[in-house]
Amino acid sequence: MSVKELLWVEKYRPRTLSEVVNQREVVERLKLFVKEKNIPHLLFAGPPGTGKTTVAHALARELYGENYIQHLLELNASDERGIDTIRNKVKEFARSRTAPGIPFKIVLLDESDNMTADAQQALRRLMELYTASTRFILIANYPSKIIDPLQSRCAFFRFVALSREDVVGRLKYIAELENVEYEEEALDAIYDISEGDMRKAINVLQAAASLGKVTVNSVYRAVGLARPREVREMLELALAGKFEEARKALRKLMIEYGLSGEDVVKQMHREVFSSELKIPEEHRVLIADYIGEIHFRITEGSDDDIQLSALLAWLSLLGKRARR
Amino acid sequence: MSVKELLWVEKYRPRTLSEVVNQREVVERLKLFVKEKNIPHLLFAGPPGTGKTTVAHALARELYGENYIQHLLELNASDERGIDTIRNKVKEFARSRTAPGIPFKIVLLDESDNMTADAQQALRRLMELYTASTRFILIANYPSKIIDPLQSRCAFFRFVALSREDVVGRLKYIAELENVEYEEEALDAIYDISEGDMRKAINVLQAAASLGKVTVNSVYRAVGLARPREVREMLELALAGKFEEARKALRKLMIEYGLSGEDVVKQMHREVFSSELKIPEEHRVLIADYIGEIHFRITEGSDDDIQLSALLAWLSLLGKRARR
Amino acid sequence: MSVKELLWVEKYRPRTLSEVVNQREVVERLKLFVKEKNIPHLLFAGPPGTGKTTVAHALARELYGENYIQHLLELNASDERGIDTIRNKVKEFARSRTAPGIPFKIVLLDESDNMTADAQQALRRLMELYTASTRFILIANYPSKIIDPLQSRCAFFRFVALSREDVVGRLKYIAELENVEYEEEALDAIYDISEGDMRKAINVLQAAASLGKVTVNSVYRAVGLARPREVREMLELALAGKFEEARKALRKLMIEYGLSGEDVVKQMHREVFSSELKIPEEHRVLIADYIGEIHFRITEGSDDDIQLSALLAWLSLLGKRARR
Amino acid sequence: MSVKELLWVEKYRPRTLSEVVNQREVVERLKLFVKEKNIPHLLFAGPPGTGKTTVAHALARELYGENYIQHLLELNASDERGIDTIRNKVKEFARSRTAPGIPFKIVLLDESDNMTADAQQALRRLMELYTASTRFILIANYPSKIIDPLQSRCAFFRFVALSREDVVGRLKYIAELENVEYEEEALDAIYDISEGDMRKAINVLQAAASLGKVTVNSVYRAVGLARPREVREMLELALAGKFEEARKALRKLMIEYGLSGEDVVKQMHREVFSSELKIPEEHRVLIADYIGEIHFRITEGSDDDIQLSALLAWLSLLGKRARR
Amino acid sequence: MKELPWIVKHRPKRVDEVVDQEEAKREIGLWLEAWLKGSPPREKGLLLYGPPGVGKTSLVEAFVKERDLELLELNASDSRRREELERIVGVAAARRPLRKRLMVILMDEVDGIDPRADEGGIEFLASVLERTVNPIIMTANDPWKESLRPLRERSKLVAFRELTEAQVVTLLQSICEKERLKCDKEALGLIARRNRGDARAAINDLQAVAERGEVRLELVEKLVKGREKSLDIWRTLSELFYAEEGWRAKRAVTQSEEDYESLMAWINDNIPKKYKDPEDLYRAYDALARASLMLSRAKATGEWSFLRYVFDLMGPGVALAKKGEVSKERFSFPERIRAMAETKSMREVREELAALLAKRLLTSKATVKTEVLPYLFVIFRQGSPEAAAKLTLGYPFSSEMLKLLAGARASEIAALAEKLRGTKGEGRREEKRERRGLDKFLM
């Protein structure tokens, strides 16, 4: 068994367009291209884990057959250092032979929204230069970061975030094939953590499964996150003015779960907006504003413990004032 | 069908001055130059997509015939246009042969307002020295960025933004030829996004059409922008103290339109000074300042969601204070 | 005597997995790998000084024997300048010969959570490229800072913080072998300072021992920390409204002990939460909040003296208001 | 006796280790190194004016003799721009010849705690690279600002603040050799002002002596003259609402006295806490806090003149409100 | 030569064909006369400045032609690096005129010499101005740029005035006659007005609208829109400080011809001129300070989209700070920029002094500046002159450093030092070196 097959995200990756269960609209239109054996330049945009790269590979496979990889140059815009490397690689690749029956090869450019505007300009000229023998598939999270002249040279496909059903369904499918025991709520927790990112969801499933039965607990342990309830309790303690106890809870989160200050702030932020935390609306507002400040300070390198203590302190002041 | 023709903006580009439907006065005047077979240095100024480059090419075509490109040196913003290149390339081109019957060649400087002041300085005397054998056409979005000494060396033509009728009319024309279904309001939305930029309008039309029927929704989705009205509504919700609803609106913007945190911040900023947002003038400054702060935090790597929540929270606090 | 032997942290470093007294779970699982003479890529995560690097070396020794160092490439992600250096070193290393009987070499990447997301992406590709001949051990303090695709390629091991007993026990063991006289409380003080970081604890012990008998006093002197009492006195002076005297105490801390502003803030922060500082609970809270602000400014590079004076001035105002 | 005169800090600088009267512990340990004609990398830490640089030079002189300066590269981290300059200088220096009998040269790096953590990392590699032919002496005020990997590569020497006896004794010694008349209390006053900084103490002595007999009065006069009077005036003018005049004073300080924005802020800060500025206690706190904020912005790189103008504007607003 | 643009075709050939600029003509004439008489004027360079299109270059060419001189011209289309200038101008400036035929070296558009692309150009030109044997004439639109200071200081400045509308109309009429055009006078007036005194631009527009032998008002109205004039600094300031709505203030700062950094300096110095109420003053400064912070962030992160907030804050932020009246006091040039320029050499001397002492005292320049220099000032300005004089002998202070340290007492101390040296001579050779600094003072 190869290392690749050890990874479920690889093992269960769809091979053909038909196997792609989501993004139906996109897939239908692409199938038309396959039928014509011709494609324009393409731009695939959408959140991470919605299948953009998978679809691109599946498309290439359907065009060229199993050995499609010879006719596909895969580049990662944020890896390759600058447009010059890209230019050289494309140049060389464009010279290579084309498949019989299909007079063009495909250049797949991942994370192309990470390129600077200047590099994108250069890319545009590159696309024009090799347009006879190559087609580009640009992959991006945020289409707004692709400059207009590039967008206007590509057929545009938007990939949408996956629904809870899609993700949970897929996880169940995998879990059963892999003989993994699981709690239903655990899969829900995985969806919450993955935010519609299928790749992340499958990875979390695999990590949790490696710890034994997949439970809410093992899921949070696997991703190195605290359980929402514990974070909420810390918040409640602080708001109840029990500052010392809140700080103890904080310590526990950081040491036991190995959470960084940033992790804690993010999780607190999530809990502030959960309906299970019963606080007045205006408090949520105040807290949201202050959490922004604290998170920024931490990203700038200030001490986690000091900043989180400041946050808890502030919360307990807020709570006290409210009780008056 | 070549890939270029797959792009409507190329496919429907006017070839001759007569085909240019807008900028009638400019075109009339240019036709006279063609008749006299003489032109002064020209400066075409006006917003993007008003046909400046198209007109310049059409003019050259009418002067030199279909192979006009031999007598035209086109320098784009994406080309190296430092002071040295300008000196060298122009000098070399000026020395090359002229067309029979027309004793001058044309140097077309696209986006010349993007040239550094130094490079522009280098142009000043070049324009005089080589005036016998070359004419310059400077194209600029912002003529104020062209240094005065250059402006004063050119006959100045202002291209005006296209009217809603012009753009929508053209879009309808194309949509019908391409068999695209559309809602009337969608074409209006395209006009709003394009801000009178015909090229952009046609590109958006094509992108939206690739998603199926052209609707307001598909238009905004295609460009990866939120609808300004929605952004404004989010701002208004926040300022009205409806923090939770504002946050919901935010989520929707980010997920539905695939906006990054930076996109949202930038779109919010755009609305701050708009006359449609009815708030006291001094609040505008406060809001812009805080948006700037949040934008900074996001670029420093702080979390999008946390920072945007903080921004909305702050807005709702501001609104509350104002209402008191 | 080599320089290395001079450092107790080297001298008393466990050589084999069996010598590692903590992290039992981790060790047991690793022993299984040794038996199979095969390992997947590994990710060791946990607080500093919990033995991650030590365990990695012990593992390598058990696999390759005493000369394991030939088959181990040790890199520090925050040293090596960018992913390119890493790439080159790994490339070269991968070409070198493997040990008889074990078809892979080990790349040990310390502080890998200090790499940018982009560099981690590049690392991922590197791991795939050389997967046949190398295994990576990634070491990180915070697993949440390792991007998903990397996490999902590694077997995950969590190292937990060491208990007071673990640390003090080890210190005693060393002290006795080195014939160092010590007070019991001094070892406790070392544990407090080290916060469960064994490496730091041993270094402090050695530094204090070099000054003679290990006492609480010599411990604080060795680490260049003020004794908690003096920090507390400064706080009390400030809160009593004796600003000038508090400032003198601050000067003394900074000049005599050579504390930096950050040191002082951190120690103040610690004292604020100690039960020995008798102040109303709500003051603790207020102070904790303001200390957060001051610490942030100092980490951003602002002047220590200015910021700390502002803090003391604020404290004396707080004290004054409270007395009214 | 020569008519030429030097600054006394230079004239009475100890040339040999034996002449160093304080820091006995340090000196004794260093003498051992001299005897062995070998030193490890050294880290000298302690408050300003405690003789760190002096001792380093004396050490070098004892190793290499009077022409030691050929074998010593002296760099100042706050003058040298960035690690690259340092790297190049060290590289070149390492290539130069070593002294007969001593196989290494010395690099003296003053104010090394002013280097960023990244630069210190780079420095560490530099030390490793040239360890065969060079030894580094790092000089720092705050050892805690030296990163661990550097500290652990150096033998650590802590320089303690000088006692009143040490300083007064030295001053007397100099005063007698220079035939300066003095009052005993004047020397005490100098010690108080100098805060244990020998360099400063000697400078004050020399300045006071140039005014005639050294009395408490002349000491304070010298110190007062050395400190620009404009700082307090500026503060007073601003608080009196005379913004434009205050700003004139500010400009004089920055332009004529050549103070940086940071210097001005620091001096204002000093004045705010001096008893000679008559303002309510609460204002001191408010001003100290705002000064902290302004200082923070200046260190972030924003224009110091604008930031200080804002500070003055704020002060004049404060003054106005107080007068009501 | 029908195909030549009119601005070339109708370029003035004789001095009297250049419209107006009588004062400039007189000054240039006198200056050239001096050269021709073989007694070059004290300033060997002439710096002609004024707005574009008023005839600076044309006038020089006309003079050259009329007096039958040689002309060497270099302009912004030529590389003007030090090496190139050495080769061309350096040689020309040193060459004695052949057969008494003087050669005029015309350095056109010196404000276009790029500090980077034309590295060393200005410095070299400045040095040539000291020793040239041929007249050097330079032109510039903006002679006040800091980078031009070395040229400005070594040249005679001659101002060219903006042309009046009437003058431009007259000029256009004369061209109409030559081109046999029937010209509507009102149309010419409109062209002149829309080009605000720029004759060359007006001629261009004239050519653009001339059709079928006539120039009609109707067409001018349609076609001649007026070149985009960015707001000059005075207009920017008044539109900014009097703006009542945010968007107006924003327009004022975004359309200013001043770059945002110097604009910020202008606003910084003019806020107290316009806002007298401390509340307004503080609000305005707070906004400006935030703008400056944002700008530093834009620079530090390379994220130039932050500039929008810089503009928001220094535009609307400053404008909307006012609740009270806007004072009638006039706007003024930023004091700080002027003062910094004036004190540049003094500041350089201080740096050198700090470097010298840092080496001797084994410390950093920063420490010297804050911990040592203040006491030296006390000794040199307030202390006994003898102590100061002795220190002067102990360190190789230059005369400028001594002046900086001692102020008004500099020559007294220098004289005293010299006397002390005379009484007790030792180390002669060493002293010789040190003397140089002192001698300058005693001369």
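The letters A, B, C, D and E name the chains in turn, as written, and every chain counts its residues from 1.
Following the convention adopted for this analysis, a residue touches a chain if its C-beta (ideal position, glycine included) is under 8 Å from a C-beta of that chain, and two chains touch if they have at least 3 such contacts.
It should be emphasised that the depicted structure is a prediction, and the values quoted were computed from it without experimental measurement.
Chemist: Name whichever of A-B and B-E has more C-beta pairs touching across its two chains.
Modeler: B-E
Chemist: Go ahead and note the Å separation of the Cα centroids belonging to chain C and chain D.
Modeler: Measuring from centre to centre gives 31 Å for this pair.
Chemist: Provide the C-alpha centroid distance between chain C and chain E, rounded to the nearest whole angstrom.
Modeler: It comes to 57 Å between the two C-alpha centres.
Chemist: Of all the residues in chain D, which ones touch at least 2 other chains?
Modeler: In chain D, 300 touch at least two other chains.
Chemist: Find every residue in chain E that makes contact with two or more other chains and list them.
Modeler: In chain E, residues 297 touch at least two other chains, as defined above.
Chemist: Between the chains shown, work out who touches whom and classify the graph as line, ring, star, complete or other.
Modeler: Looks like a ring, each chain touching just two neighbours.
Chemist: Starting from chain C and heading to chain D first, what is the chain order around the ring?
Modeler: The ring, traversed starting at chain C in the chain D direction, is C, D, E, B, A.
Chemist: Which positions of chain D touch chain E when the two form their complex?
Modeler: Going by the criterion above, the answer is residues 2-7, 9-10, 13, 48, 53-54, 57, 74, 76, 78-79, 110-111, 199-200, 203-204, 206-207, 209-212, 222, 225-227, 241, 243-244, 247, 251, 255-256, 258, 263, 294, 297, 300-303, 305-307, 309-310, 312-314, 316-317, 319-320.
Chemist: Give the list of chain E residues in touch with chain B in this complex.
Modeler: Its residues touching chain B are 2-8, 51-53, 75-79, 108-109, 111-112, 114, 116-117, 141, 195, 198, 200-201, 204-205, 207-209, 211, 219, 222-225, 227-230, 244-247, 250, 255, 257, 287, 290, 294, 297, 301, 303, 305-306, 308-309, 312-313, 316-317, 320.
Chemist: Give every residue of chain D touching chain C within the complex, in rising order.
Modeler: Contacts found on chain D: 40, 45-47, 113, 121, 124-125, 141-145, 152, 156, 158, 160-161, 195-196, 262, 265-266, 269, 273, 281-282, 284-285, 288-289, 291-293, 295-296, 299-300.
Chemist: Spell out the part of chain E that touches chain D in their complex, as residue ranges.
Modeler: Where chain E meets chain D, its residues are 264, 268, 271-272, 278-279, 281-282, 284-286, 288-289, 292-293, 295-297, 299-300, 335-336, 339-340, 343, 347, 350, 357-358, 360-367, 369-372, 374-379, 382-384, 387-388, 390-391, 393-395, 420-421, 423-424, 426.
Chemist: For chain B, which residues count as touching chain E in their complex?
Modeler: 25-26, 29, 32, 37-38, 40-41, 45, 82-84, 87, 91, 103-104, 118, 121-126, 128-129, 131-132, 135, 142-144, 146, 148-149, 151-158, 266, 269, 272-273, 275, 281-282, 284-285, 288-289, 291-292, 295-296, 299-300
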